[in-house]
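Residue numbering begins at 1 within each chain, and the chains themselves are lettered A, B, C, D and E in the order written.
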Amino acid sequence: MELYLFGENFFEKHLLTSAGQLTELLKGPHKIWLNISGLGDHKLISELGNLLNIHSLTIEDIMDAGQRPKFEEFDDFVFVSTKMIYTKRALEELEIEQISLLIGPNYVITFQENHKDVFDPIRTRLENPTGRMRKLGSDYFAYTLINAITDHYYKVMEMVSEANEDLEDQIIKARKKVKLEDLYIHRKTLQEIRKNTWPMREIISDWKKSDHPVLNEKNQIYLNDTYEHTIEILENLELQRETITTLVEIYMTQLSIKQNEVMKTLTIIATIFIPLTFIAGVYGMNFTYMPELEWEYSYLIVWVFFILSAGLMLYYFKKKNWF
Amino acid sequence: MELYLFGENFFEKHLLTSAGQLTELLKGPHKIWLNISGLGDHKLISELGNLLNIHSLTIEDIMDAGQRPKFEEFDDFVFVSTKMIYTKRALEELEIEQISLLIGPNYVITFQENHKDVFDPIRTRLENPTGRMRKLGSDYFAYTLINAITDHYYKVMEMVSEANEDLEDQIIKARKKVKLEDLYIHRKTLQEIRKNTWPMREIISDWKKSDHPVLNEKNQIYLNDTYEHTIEILENLELQRETITTLVEIYMTQLSIKQNEVMKTLTIIATIFIPLTFIAGVYGMNFTYMPELEWEYSYLIVWVFFILSAGLMLYYFKKKNWF
Amino acid sequence: MELYLFGENFFEKHLLTSAGQLTELLKGPHKIWLNISGLGDHKLISELGNLLNIHSLTIEDIMDAGQRPKFEEFDDFVFVSTKMIYTKRALEELEIEQISLLIGPNYVITFQENHKDVFDPIRTRLENPTGRMRKLGSDYFAYTLINAITDHYYKVMEMVSEANEDLEDQIIKARKKVKLEDLYIHRKTLQEIRKNTWPMREIISDWKKSDHPVLNEKNQIYLNDTYEHTIEILENLELQRETITTLVEIYMTQLSIKQNEVMKTLTIIATIFIPLTFIAGVYGMNFTYMPELEWEYSYLIVWVFFILSAGLMLYYFKKKNWF
Amino acid sequence: MELYLFGENFFEKHLLTSAGQLTELLKGPHKIWLNISGLGDHKLISELGNLLNIHSLTIEDIMDAGQRPKFEEFDDFVFVSTKMIYTKRALEELEIEQISLLIGPNYVITFQENHKDVFDPIRTRLENPTGRMRKLGSDYFAYTLINAITDHYYKVMEMVSEANEDLEDQIIKARKKVKLEDLYIHRKTLQEIRKNTWPMREIISDWKKSDHPVLNEKNQIYLNDTYEHTIEILENLELQRETITTLVEIYMTQLSIKQNEVMKTLTIIATIFIPLTFIAGVYGMNFTYMPELEWEYSYLIVWVFFILSAGLMLYYFKKKNWF
Amino acid sequence: MELYLFGENFFEKHLLTSAGQLTELLKGPHKIWLNISGLGDHKLISELGNLLNIHSLTIEDIMDAGQRPKFEEFDDFVFVSTKMIYTKRALEELEIEQISLLIGPNYVITFQENHKDVFDPIRTRLENPTGRMRKLGSDYFAYTLINAITDHYYKVMEMVSEANEDLEDQIIKARKKVKLEDLYIHRKTLQEIRKNTWPMREIISDWKKSDHPVLNEKNQIYLNDTYEHTIEILENLELQRETITTLVEIYMTQLSIKQNEVMKTLTIIATIFIPLTFIAGVYGMNFTYMPELEWEYSYLIVWVFFILSAGLMLYYFKKKNWF
């Protein structure tokens, strides 16, 4: 358990090992950020639950990695559950990690599934004694955490945009061959992001409208900004989804056009030569009485017929705009 | 009729045979759970109706297995009608059973179509003297029933997810052949679940908002939790539906691509050999006067023509990216 | 004009011939149901209009068979316009008949297009002196009419469900050949039902919310029941529509799969034999100098080539999973 | 400028040439309908603007033929802008003409783009001294104009319905060949009508809700009737749109089925005869050493093989249900 | 930094180089338009920020070219962020430039990304001493800017309409070949315009509803007009989108019909001649014992068979309506 104690002229970082150590600190003059990585230590979490008067259903929500993002007010604190999204490369499976926040009058407690998170810039800024984070209350600190999470959604969206441009190149400019699997993973990624961004919007909206005493009215302008960012992400998502749909439609149309061309090639060749081959076959028959075989100009006439017939066919297909 | 009498220090299980036996117990100090399995005994149910002052339309709702789930307030009790869902395996037909609840001040009466239900864990927990169920009111007990029902929706959803992953394997990774029937059953199952989960959401929402005297304001937090679960199920359902739609689209695209390849193979072979066969046919004709037949190098020249012509065709198809 | 006079201890059936006869009866102690079948007698209807103070626009609404279903309050009565639906068999054209109701303090007047209707069970129940219909007010009687109409929507829906199961058999189990016309009529039937059920829902909702003096607050519970039924019908309709969409999609996919198989068959046969036929054609040429023709083992070698070549082709198609 | 002066016992028709002539008449005892056809005379319209105190933005709205239909209240009058629709035949381009109304306490001024309009029945009814139009206020007169416009939408809708039935005949009963262009024009017509009917609904709704002094509360019932008509038109439009979508889908399915049959025919013929032609080709080869050629029953055996092979193929295709 | 000072009898244009110069002018009697092109000079913008008391988040919004359009009220001014759209030709990539407005009691400050803008007509009108712009307040001036921006959306929409008519010509009248890329760019352009027009509607709606002291209630009628224009643009967009969808569907249908015709041509030719070629091949075999070869009329009979067989086939295809 990482513990940060901070105030306008104070900054300390500790590693806590038991919930009990927190009791004194909560009464102290400093703001507290307690970050718990890993949800395996049930005893610790239930001690914290007792200490801070957390309802058993909320403990369940913290422990359940599949919890739907939410904002909930309690007597002593505000509870926020949301998701962090990471991705290394476009079209890689997204990593989604749940994070829960308890925002009390002088503390913020965060529960993560593992040590990886998106808060390193915040850890650095916390050490800066003139930053707003050190002056404003615990709710402003919680806002910076949410803001850091949302900023990471932007990064994921950028990768998605790039993947979309790749797809555009593949389909519209036909530079590379389209892998249907990529298309599928791409769409699933967009679904995943949307699934997690929609409730984000709700959470921040609830937060903005809340008049819980730990939330300072003056900091609402910061939440407005984050709220706009989630709207931007959602609008961008819808645009990306539409783009993919359009691209897939165009790809299907391209396939149809190609198939039409293949069929035309086959039909032109077959339609010209199959009848001619029949005529050649006829004069290859071995009947005893076939008067034409003896005629002097038969062979010439047959060739004239071959060429005229092929020419007419070609003219007909040309007129039908087949090539 | 299973009858459970319970209170903080009391637990008894009886088998009731007539509605009359209930009259005394309702005045007693204990909470009552009366579970009626099978709706065939019209006389019994109408006796109960008289005893508890149930409107004839509500009796009809209890008896009609196709009743739309609902929450309705009456003077003496609250009436809830909903569905339990079971399934043994994914892609098996779902079993859907209607269950109606009457929640009175000190009783909960449940009406099921048959003996099978999802309440065995509750029967066990009821015997535990320190459980919340024994201490809190009849509305909390009714909540545990609804919660048990919702938990079973989760189990069904898990099977659906697995079936979806199977389908993904079949289509994306082409491991197995797709059975269109499975696809159809799969979609129908999702429709069925959605049809029954949507009104569930409404019911619990109505329950939360209700201020009927038998519903204790303090237990609303438990309903909030169940409400979130139904939302999660619905969101998950939408995701599964989208996934199927995407998969089917990709499957159709795969079919188109394959058909295109089949056509190309045919066209390449036919376009190369049909004209050559014609030429061979020409020199198989039996005309008396065909000067080329006598020439010494005719046969060689014809073979050179065959090979050049085939080569040119192949080059043309290669350039068109047909293989 | 059928006229029913009824009360708790009274029941009479008359055949009225002029609107004038009604004047006295309206002042009498009995409840009145006047049923007018056929809208051709303009004089009669305008007399009724004058007698009951019906606005000319309402008269128009009664006469116009294409009137959108509606609920409208006037000083003396409530006006309801809706549709009855009949069908003899699934996939037969629906019969839709407009019916208008005037609900006054002690009368209900119904206007139908023809003699056929869905009210025979009500005519029978009216003769029963202990029925609720005889005791409760004219609004309850109007409710029983609306309820009878709604019950008929259920019957139509059942036929639609059966037609859908037929379609399922035809497509999924391939028992019968799909007739596209049936599919079209089926969809149109669903559209027709929906077009008429949607406003039904509005009407009953308006009726429920109305506090017009002729509508007794105590009978609202009956309308709730009918309202639920219209919701059930609408939900069922949506389900049937989705099912058809899914079935049509699967049918299209089946067609694509079949076409793919046809193409593969053609391609396999043509790709194997067309090149072989070319070779046979080559050795059927009549050139004087074709050294191979004289060789002793030529014919054997050619057969070996034929068989090897066909075998290789088959192996290639097998590997490509074409059969 | 057509000018009608009318009242309960008064009716005069004039042709006005300047806006000035209007000043006196507006103070007079008669109701006025001034109908201006053609928007080219800017001077006249700006004089009217000054005379009646019309805002410059409203003048712009009157002059701009692409103005979105709207209802706007001003101090002295109500401004309504809407569209008249005409069509001569189904699947002809629609004619859409903008019409603006100023409804003052004793006048209605209409601005049209040209002389053609839908008001001839109103001109006739205006001469009838006992009509409601002569007795009721200028707002009732304006209602009759709007009503006449809406009635014309019905006529257009009837033509659309007929065009749809034609299309149904062409596709379902295959009586005529489908022209894709017709389909396109048809859809565009529906879009155009909808584009203009939607705001119509809004306008009438605003009119109904307005409590502007020139609008008499008692005439609201007439607007209700017109409002219902616009709803009917919109519902009908949606139905027609769905019908077209269904028809196009069925047409596409028919195309697929036909293509499948064409392919089957080709495949059956080719699959039967291509291998046989190969065999015939083999025995047409000119190798010196082909023992079978000399055998007495070779020719018979080959024919037996030909017939058996074709028979087997046919049996196989029959079993696959290909014909 | 362009600076315009203006009032009823005053007009001056300056080029400002530092924020400090503004301090005095803001206290002066004239209205101010300060136009800043280029957002690179961070120092200047932060000086302005301090001078005018702009929140750091608003500075960020001004600097971030991807900011979602918005309307926000502050104590001293109103902040509006929106987009200007230019395009040179249809189907060219759109140029989208962000513009931010600060509307204070006597000033409007605009921030653009570069020097290009849509305000030249306004610069000209500003020099006209009798224009409304000179008389009315800073909010009216801001309205003229927004109005100029919206008018440019119209111009872009006109180009889109023309591109759509081109596409219509290409597809319906088949004048030119369809480029799928154009289709894609076309759709993307529509998406882009919509993405930017939707929030425009919100902004103007918020502006209309705002009662911020710098916004004069009397100028609301002008915003109404602009609001209607954005609605018109959005409705037009939807229409264009539907048109494209319809066109693409028709194009796909055309492709299907063409492919069907190609297949029919191939099938007719192949089905007629392949069996005939087989027969010719049979009589080209070199068996010693082929009695027919010697018969006198064999050759004639074979030709009769050829012609009859081809005739029958043609008759069959004719009856099947294949040509």
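Quick note on the criterion: a contact is a pair of C-beta atoms (placed from the backbone, for glycine too) under 8 Å apart; a residue touches a chain by one contact, two chains touch by 3 or more.
Note that the structure is a prediction, hence the values are computed from the model and not measured.
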| item | value |
| --- | --- |
| Averaged-CA centre spacing for the pair chain C and chain B, given as whole angstrom | 25 |
| Where chain B and chain E are represented by their mean Cα positions, the distance between them in whole Å | 41 |
| Chain B, residues touching no fewer than two other chains | 256, 259, 263, 266, 270, 274, 277, 281, 284-286, 290 |
| Pairwise touch network: line, ring, star, complete, or other | ring |
| Circular arrangement of chains, read from chain A onward through chain E | A, E, D, C, B |
| Chain A contact footprint on chain E (complex, rising order) | 55, 57, 60, 66, 68, 70, 180-181, 183-184, 187-188, 191, 195, 248, 251-252, 255-256, 258-259, 262-263, 265-266, 269-270, 273-274, 276-277, 280-281, 283-286, 290, 292-294, 296-299, 302, 306 |
| Chain D contact footprint on chain E (complex, rising order) | 168, 172, 221-222, 224-225, 228, 231-232, 235, 239, 242-243, 246-247, 249-250, 253-254, 256-257, 259-260, 263-264, 266-267, 270-271, 274-275, 277-278, 281-282, 284-290, 322 |
